[in-house]
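Next come two complexes, and both contain chain A; in the first it sits with chain B, in the second with chain C.
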Partner chain A sequence: MSQNESLAVILESSPQVTQLRRASRENDGFDFSLSIEPKGIPELARMLKDQGFFLEYLTAVDYGQTMELVYSFSKWIEPDRVQAVCPAWPMEAAPSICGVFPAANWQEREVFDMFGLEFKDHPDLKRLLLIQEEGLHPLRKDFVAGPQHSGDVVETEMV
Partner chain B sequence: MVERFETPPPVQLGILNQMLDLCRANSLWPMTFGLACCAIEMMAAGASRFDLDRFGAGVFRPSPRQSDVMIVAGTISKKMAPIIVTLYDQMPAPKWVVAMGNCAISGGPFAYEGQYAIVNGADRFLPVDVYVPGCPPRPEALIQGLLELEDQLTGGAKRNYLRRFKRHPGNDQE
Partner chain C sequence: MLRKTLTDDTFYLNMGPQHPSTHGVLRLLLRLDGERIVECEPVLGYSHRGHEHMAQTRSYLRFMPNPCRMDYLAGLMYNHAYCLAVERACGIEAPPRAQFIRVICAELNRISSHLLWFGAYLLDLGGFTPFLYAFDDREDVLSILGEITGSRLTYSYCRFGGVARDLTPKFIELTKAFIPKLRVRLKDYDTLVSKNVIFINRTKDVGVITKEQARDYSVTGPNLRACGVPHDQRRCEPYSVYPEIDFEVITADGANGEGDCYDRYLVRMQEMEESLRIVEQALQRLPEGPIRAKGVAQEPAPPPGAYQYCYESARGMLGIYLVSDGSRVPVRMKWRTPSFSNLSILPILLPGTLVADTVAILGSLDLVIPEIDR
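The block that comes next holds the complex of A and B.
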């Protein structure tokens, strides 16, 4: 049983994984793509960390009606890359994986900044790049940049 | 002589003030402080090929407490603006500000309606003395800007006796 096969068995046995798809590294850039329920994300992250994976990136996609979180895990020891997709909006907020991968801290803050998606149990969920302004989530589809944003708003205190 | 004090200093030294200004003009200490790609040109201006040290302005200080000049080199995001103000407030007077590059002058390519992240120019919240245009300006342009600042301090090119090079003949008149 190859490394990939054993990983597939582990991923399939996870109860939160709703769909597992083998992808081709040449065409898709990753070996496994899986859909997962939000509450299963920390468990998946912990399991992948035990397998020697690290968090490559964490981002979100806005499809208009729904939004999805996209996690990518990778490892150096064996060429292996797992992409996990979980629905994030308008469903319940996904739990943070800071406890498993500390690198997720700022990436979750960036997703919160750009998309307005919250993460449960995040130690310090505040904006990373933009100023504190109501409704300023510029990567959302329904965000319209108008003159109300381009004023000389300068924050008076460091956050 | 450009007066930089909000209130006049308690001790006035008469003609010695002009001497002090001459000293200040020829030992401007900028702050090590870059915001975007203009900072690369600022580093090049400080390095050996262009060598700001020829004009006494190459001593980049890592602390605002030791600096005279703030070179705002790059794009100012709204998140960064309060930090820049804090750094400016921490510099001891007399102090000067050079806005380097189009972003620091007017927002440059980021100035459009609906811009939500960038402040359109350093002069919206800082008293800017010299503007150095360019995107980014070449190191010669920054040097020219600092020489312009020295002229502002001493009251003109003719008064700046310590200048170690001949000016272009056309620029010699005040």
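The block that comes next holds the complex of A and C.
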């Protein structure tokens, strides 16, 4: 059984995964794409970390009516890339995976910043890149760039 | 994270956003106990320009000039990676000659990026002379790239399915003269810097990253290879013509699975030699033929779906995640930039070190701030 096959068996047998799709690295860039419920994310992350994976990135996609969170996990040297997709809005907030991958801390803050999506149990969920302005979530599809955003810099605390 | 009222003798220091050693606009909020750092929090966003928002509000072609402005020191690589990502989504393949030309240019760009890092890092540590030498060499690379691309830093040279212009005889002549020149210079740098006692004392056992920490914080690129992990996208997930080219993935000895500032220095210096080997081989094998694939729409509309492309930029793994709905404007384009993750490890590296080491550690990570902020 190849490495790729054994990973497929592990992913198929994990209870959090609702749907598993094999993709092609050549054409799509990842090996597996799986759908998962938000509450199963930390469990999946822990399981993949035990298998030697690291979190490449975490992001969100706004489709207008719904939003999805996308997690990309990969391995060193012999990459098996697993992409996990979970519904994020209008569902309840997904739990944070900072406890498993500390790298997720900033990634989740960026998603919060750009999409306004919250993460449960995040240690310090605040904006990462943008200024403090109500409703400023520019990567949402309903965001309109223009003069209604004053651009006035609200000074972040210099302590 | 940082408490506002202090009950002990510690105090806060803002390092940046305009600090010469932060290479761009990064603010480090340091809590100090005398000279020792207790806590550190990087504050980002000073050069956020909304590239990802621009990506999802315009067509693929009109986004072409943006990627090279994210990481202005390795602009050609970002340009290359963007074209490769769109080509994967559309199922386009560039002709062999174009692929070789792209790799030659990308590797020259990697050399210029590492040279700038080398000069600026030594400058941060107080050595002024290497900076002048490194910039002299870098100027050669920029002239070579300028000869073919027409720009010095922000190259939009690649096209979907090829490159904009063919190599000129002058380009080949300049590159062939540059390779032996830099080899001599790299030896000079080695004798000048690698065995310098002051440099060794400033960098050995400073800013140690373990393999486990690197995995936790998704550190990639030379910073990861300095921990002894031979992870390089050019070898692990070979793209373009890299499978045909013979080169080493440089790692520091890393027997104990740790990498300090000195290891990261060694990795980058040796990577320049490998890049020279790649350029040399690619020039030898450069095939004749067209430089653009025929019948490629320059306003592409990839079939619906999600695509990912991973690329080894000068600073680590660059990932592009692209969601298309079949139209000419992407639904979403996420840029996973290497410095973003490489910087996120800083809050655990700094506590316990001295303020002077902050500069040594921060510099050794080779950060480009506009790439983090996008």
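Just so it is clear, the second predicted complex is superposed on the first by the 150 of 159 C-alpha atoms of A that agree within 3 Å, B and C clash if a C-alpha of one lies under 4 Å from a C-alpha of the other, contacts with A are read in each partner's own complex, and residues count from 1 in each chain.
The rule is short, and it goes like this: a contact is a pair of C-beta atoms (placed from the backbone, for glycine too) under 8 Å apart; a residue touches a chain by one contact, two chains touch by 3 or more.
Note that the structure is predicted; figures quoted are calculated from it, not measured.
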Touched partner set for A:D28, first chain B, second chain C, both or neither: second
Which of chain B and chain C A:F101 touches, first, second, both or neither: second
Touched partner set for A:L136, first chain B, second chain C, both or neither: first
Touching partner for A:L55 - first (chain B), second (chain C), both, neither: second
Residue contacts on chain A - larger count, chain B or chain C: C
Chain B versus chain C as contact partner of A:E78, first or second or both or neither: second
Chain B versus chain C as contact partner of A:A145, first or second or both or neither: both
Chain B versus chain C as contact partner of A:V70, first or second or both or neither: second
Shared chain A surface residues [contacts with chain B and with chain C]: 129-131, 138, 145, 156-159
Residue ranges of chain A touching chain B (in the complex, touch as defined): 129-131, 133, 136, 138, 145-147, 149-150, 152-159
Chain B to chain A touching residues, read off their complex: 77-79, 81-83, 85-86, 112-117, 119-120, 124-125
Residue numbers on chain C that touch chain A, as the complex places them: 1-2, 4, 12, 14, 29, 43-45, 48, 50, 52-53, 56-57, 88, 91, 215-218, 224, 229-231, 236-237, 305-310, 317, 319, 321, 323, 331-332, 334, 336, 340-341, 344, 348, 373-374
Chain C-touching residues of chain A, taken from the complex the two chains share: 25, 27-30, 33, 49, 54-57, 59, 61-63, 70, 72, 74, 76-79, 81, 83, 101-103, 105-106, 114, 123-124, 127-131, 138-139, 143, 145, 156-159
